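Alright, structures below, take your time with them.
Next, two complexes with chain A in common: one pairs it with chain B, the other with chain C.
Here is the complex of A and B:
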């Protein structure tokens, strides 16, 4: 530690190379040159080559291998695997269970981001600019408290969130039906929220949205705080309502953040593996909550059809990329990139 | 949402018409303001209740006997006991999984922070052929879903003899947390002044010394932010252990919890499940309470760079 302070102090006094006292230079130069080879070589080996090797072996190579495996009929434990071209993908097109999973994942990709972003923007608006219209622009009282609470689910393992809500939804012991029958809705007694085709997907989506809201609220709060307060004061002087302000001022100004949130949330929603696995490991009533990731997992690790499962993985990756592309396209078409900030 | 908003438009003008400076000093809330504030508070409180109540309910239930749990969701434990915690800790193996998780997450966190910081520093500070390629490789690792890699990864680990071992899990955690760590720290190292490092090197400090004694201490705020993110991400990791670590003895906490979900409905010891939830959430709650300010700050600056 004393070395640090010595060097730091020294460098403060001698900010550039030319300021080094000339008397020191020759000796130091020689010492440094002799050490350079080993010092530099070992440093770059550990700092770059070692981590990159690990990264390439455990992350990049599996991605690349996946593309090849998806075109084989490989079952994993035998050496022989036949190259079958795009057969796996053709088979997927006729696989009803997989198509159902695709549909469910697509539904999640549309609903979860939309609802989460709408609520997160509403909450972020309330805690930043939703306060009293007199005086400086500010949020409602106790804003910090709400923010701390709402962010907490981000820290809890998704599997635990799923388990907790599966308990809340439980037909007989669950908190939800307890509350509903408590306020007189006796018809809800023993209603299986996660076991009924009409409610299973909606109930699962609610949990996913619930777990994401806090995180995106914090993101939007930060974005809104980057908007100069004068803009909100000006809107207020012009008589804009809170709702109008949110739609016409806040959303256009934090547009980039909203787009990024769409992509993150969409990717997470298309996956949804942990939540679904916690609430309905079997895919839910009539496969109504069955998603691509669950199909892939079962196909690979229960049925051992590794080639076919990897093909599902490729489709999942393509769906994810397609989703991101659509979000960018919609953003561009609806006028993203026009510099709204120019007025700021 | 709509009612208070509509009411706003009609009553807001008088307030807004008042001289601005005067209004700033004395903020007497108008009726529209009060309606808006009340609505906001009702909505926000409802949200807070939705977040807190399920956890609180599980916490209280964890002290009830199975019989009490099955009888009513609202009853308080007649004789609060830690029996469920003992069962969960030993019989359900939560104790063992807890230890495994600490070992795996602890080691992975240390290695990924060290290697990630080193690589980010090299990429940010040195120009060399391939620099851009490596950067794009990191981007690829962040873009593609882990599900695409999971099957080949299974066989990579099996061929290396690392399948179902804790070291295998650690290496995988490090590899998959690596691109995010590098990405985040890359922008951080870029933002640090170069003069200090240059001065240190002029003074004869080698690469190692420059990094550990000059650059790393300066990057401490960035390191802390990434470390918290990585801790939460790895502590909560589910897919990687479930697919690559199927030996019950090596389970991590999330797998131990998932065991409850996969058991047939009636065989589940609900008391132990609730106790398990509490024991899993408690460490993250502690981390959260201590670091929530920094964490929220990091979300704000880090993610949208």
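Here is the complex of A and C:
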């Protein structure tokens, strides 16, 4: 690690050193005494100060305000509010509905990324390196077609996906039960996929996974294309099977992309607002699909308790941060710190 | 490690990328949830109050003192009734005040859209605070104008408005003694059926739950069900149950529910209804799978496919299902069945109350303009326009003709109102305390057969108990 950072610092310094005309300034402390030209000042203003200002105004300040609101009893419809300290957070700990939502969000954060990534990697492998074992390394026949098809769901807005699938899952008129009864599974007639505590969460997760697979397939395809083909050829010559190649070659080599995908998917899954609101606005049977963001929305706009709702938002943010931290930790513990490509 | 220059550069680049990425990812993790979750929260900005328009002089023709050059803004919930009926009223008002500009705009998310304006102190002059996204009255009632002067004013025909209305229409808009919400539409809660289907099969509307269960058996023979429900509207059955229990047990039942008393859901009358409903569920007289069915799709199975015989709902049902109703359906309503033959209130008793609350915020620039639109709405032209085009009665009496503008449902609504006479009741605890969302979950489970009578009683009681125990919720005492 230290070797790497040293190199980094070195290569970082090199271009700026050469940019300065030699002999113009004395060697020691030349950076500090360099005249601030208009060119440089305007560059800093545009590239650094402006984004920073935007960031502070539109990102940092709302955060700070949100944390403050979470400690008030603000109703949301007046400018008056009283400071109540950590009361809202204490109340959250005893709020059964909120705890149930936390549990559901946690479940989503684990299952959705895992399943999505597994399927996306499988598809990406098949369309890039899973093809014929004779000739050059390539994907299965018609790989381009599958790649395009798998991307389709990602082009549809989430709210549309939610509404369409709610219809697909309709107990009596839905496509799913129509197909199931059509192939002779009469027990499935009138089965409420989104209305039964045993299936509602799984059915909702399926929709979320379905909508994300295409994008992550494309992401992993790009990553796999960045891996030199010789590695796959060598593996093949050594007699590695397709599965072994995927597990031992592909996954380690695109590890960074997988981690990125995990974090983005986890954030999307912990939120899940649009999907859940479209399929089960009430939170599902027995609150089995109720997520934190829905609780927040109801509390703020239906119950007029913005202070309490903001506390939920703060907790949601902390949960998300915690999730990202866990992903990094797991990645580090399982050896993600080594740069595999560097050694190869 | 290789000392090759190219490799070094690439390695360094990789390390840099990873660091940048870590920072980026952490920043994203910070941004995504908070940004999304809090984007809707507006920042209070002092609330200095809207720009007040100088008032005009109060005269008989101008009872609220609307300035002759005022700009009046109304935001109307665009739901089952649309919003153009208010535009119609505003046009009527414009005939009286030629130089006033009336602007009527629709919204489907009242709370979300108007919350920042309330905080900033410049809400619109008139709001139809209705729909799933309405602003809870317990949060804003003290920021609203009292509307008694609207009822005291003359309508455009010259009659005092109060004299033209159904009785007790102020009650549902009165909070802590202040009449702040003018509920415009008279809603009759009933159970609805197809008169033509019932005639063809020789069925009659059930007056007691036993008769309803017997009708369920008849329906089964015809390969139909008695009831159907949708996931977002499972609590329509709660409304029906409450109405039946109140008729059975009288005011005692109503008051204990309204005042969130600890035994409200276990009173005998309430239990009798729940047991009857449970039996109907157990016998399979409900179309299965309602907990997973969108409510208008479920309603269409009653109104269009006629798979179910009965549907409990408010009077809006005819308008709501207009495009999905079978030909010659002849939608007709009847009062909720009772538990026994000798209920405390007669069978004809119904729940009816004014709905669609219109409010005038005190901080609005032009409260007089908001009231002027209300005055126009309560005058004959606009009220007739509403009933005729929406097939629903307003709180203005004597507007609906005997043929109900050709609507059987409208005729039966006015018929039920007349038959009930003084036995009209209403209750508000569900809406006032915002209990519907929690109760929906319980009712979906109960109608699916996942809860027995004790289970549904305990869960509904807990919802009431939780609100009763929450000191931060302001209670209304009903007597």
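A few remarks follow.
We adopt the following convention: the second predicted complex is superposed on the first by the 280 of 344 C-alpha atoms of A that agree within 3 Å, B and C clash if a C-alpha of one lies under 4 Å from a C-alpha of the other, contacts with A are read in each partner's own complex, and residues count from 1 in each chain.
To be clear about the criterion, a residue touches a chain if its C-beta (ideal position, glycine included) is under 8 Å from a C-beta of that chain, and two chains touch if they have at least 3 such contacts.
From a predicted model like this one, the values you see are computed outputs, not experimental measurements.
After overlaying the two complexes on the shared chain, residue contacts for A:173 are found with chain B and with chain C alike.
Of the two partner chains placed by superposition, only chain C is touched by A:190; chain B is not. After overlaying the two complexes on the shared chain, residue contacts for A:42 are found with chain B alone; chain C is out of touch. When the two structures are aligned on the shared chain, A:300 is found in touch with chain B and with chain C. Contacts of A:153 after superposition on the shared chain: chain B is touched, whereas chain C is not. After overlaying the two complexes on the shared chain, residue contacts for A:111 are found with neither chain B nor chain C.
In the superposed model, A:222 lies in contact with chain B only, and not with chain C. With both structures placed on the common chain, the touch criterion links A:237 to chain B but leaves chain C unconnected. By the touch criterion stated above, A:313 is placed in contact with chain B and with chain C alike.
Considering which of chain B and chain C touches more of chain A, the answer is B. The intersection of chain A residues touching chain B with those touching chain C, taken from the two complexes, comprises 3-4, 7-8, 10-11, 59, 62-63, 65-66, 69, 76, 166-167, 172-173, 256, 260, 267, 270-271, 273, 281, 293, 296, 300-301, 306, 310, 313-314, 316-317, 320-321.
By the touch criterion given at the top, residues 3-5, 7-8, 10-12, 59, 62-63, 65-66, 69, 73-79, 81, 97, 166-167, 169-173, 190-197, 200, 256, 260, 263-264, 267, 270-271, 273, 280-287, 293, 296, 298, 300-306, 310, 312-314, 316-317, 319-321, 323-324, 328, 339, 341-342 of chain A touch chain C in their complex. Residues 1, 8-9, 11-16, 18, 21-22, 25-26, 28-38, 40-41, 43-47, 109, 111-112, 115, 118-121, 133, 135-136, 138-140, 143, 231-232, 287-294, 297, 301, 434, 437-438, 440-441, 444-445, 448, 450, 472 of chain C touch chain A in their complex.
Contacts from chain A toward chain B in the complex involve residues 3-4, 7-8, 10-11, 14-17, 20, 28, 31-32, 35-36, 39-40, 42-44, 46-48, 50-52, 54-63, 65-66, 69, 76, 122-123, 126-127, 130-136, 140-142, 145-160, 162-168, 172-175, 177-178, 182, 210, 213-215, 218-219, 221-223, 233, 236-237, 239, 241-244, 256-257, 260, 267, 270-271, 273-274, 277-279, 281, 292-293, 296-297, 300-301, 306, 309-310, 313-314, 316-317, 320-321.
If you check the complex, the residues on chain B that touch chain A are 1-2, 4-6, 8-9, 12-13, 15-16, 18, 20, 23-30, 32-33, 36-37, 40-41, 43-44, 47-48, 50-55, 57-58, 69-70, 72-74, 115-116, 118-119, 121-122, 134, 137, 140-141, 143-145, 147-156, 171-172, 174-176, 178-179, 195-196, 198-209, 211, 213-214, 217, 232, 235-236, 238-239, 242-243, 253-254, 257-258, 260-262, 270, 273-274, 277, 280-281, 284-285, 287-288, 292, 295-296, 299-301, 303-304.
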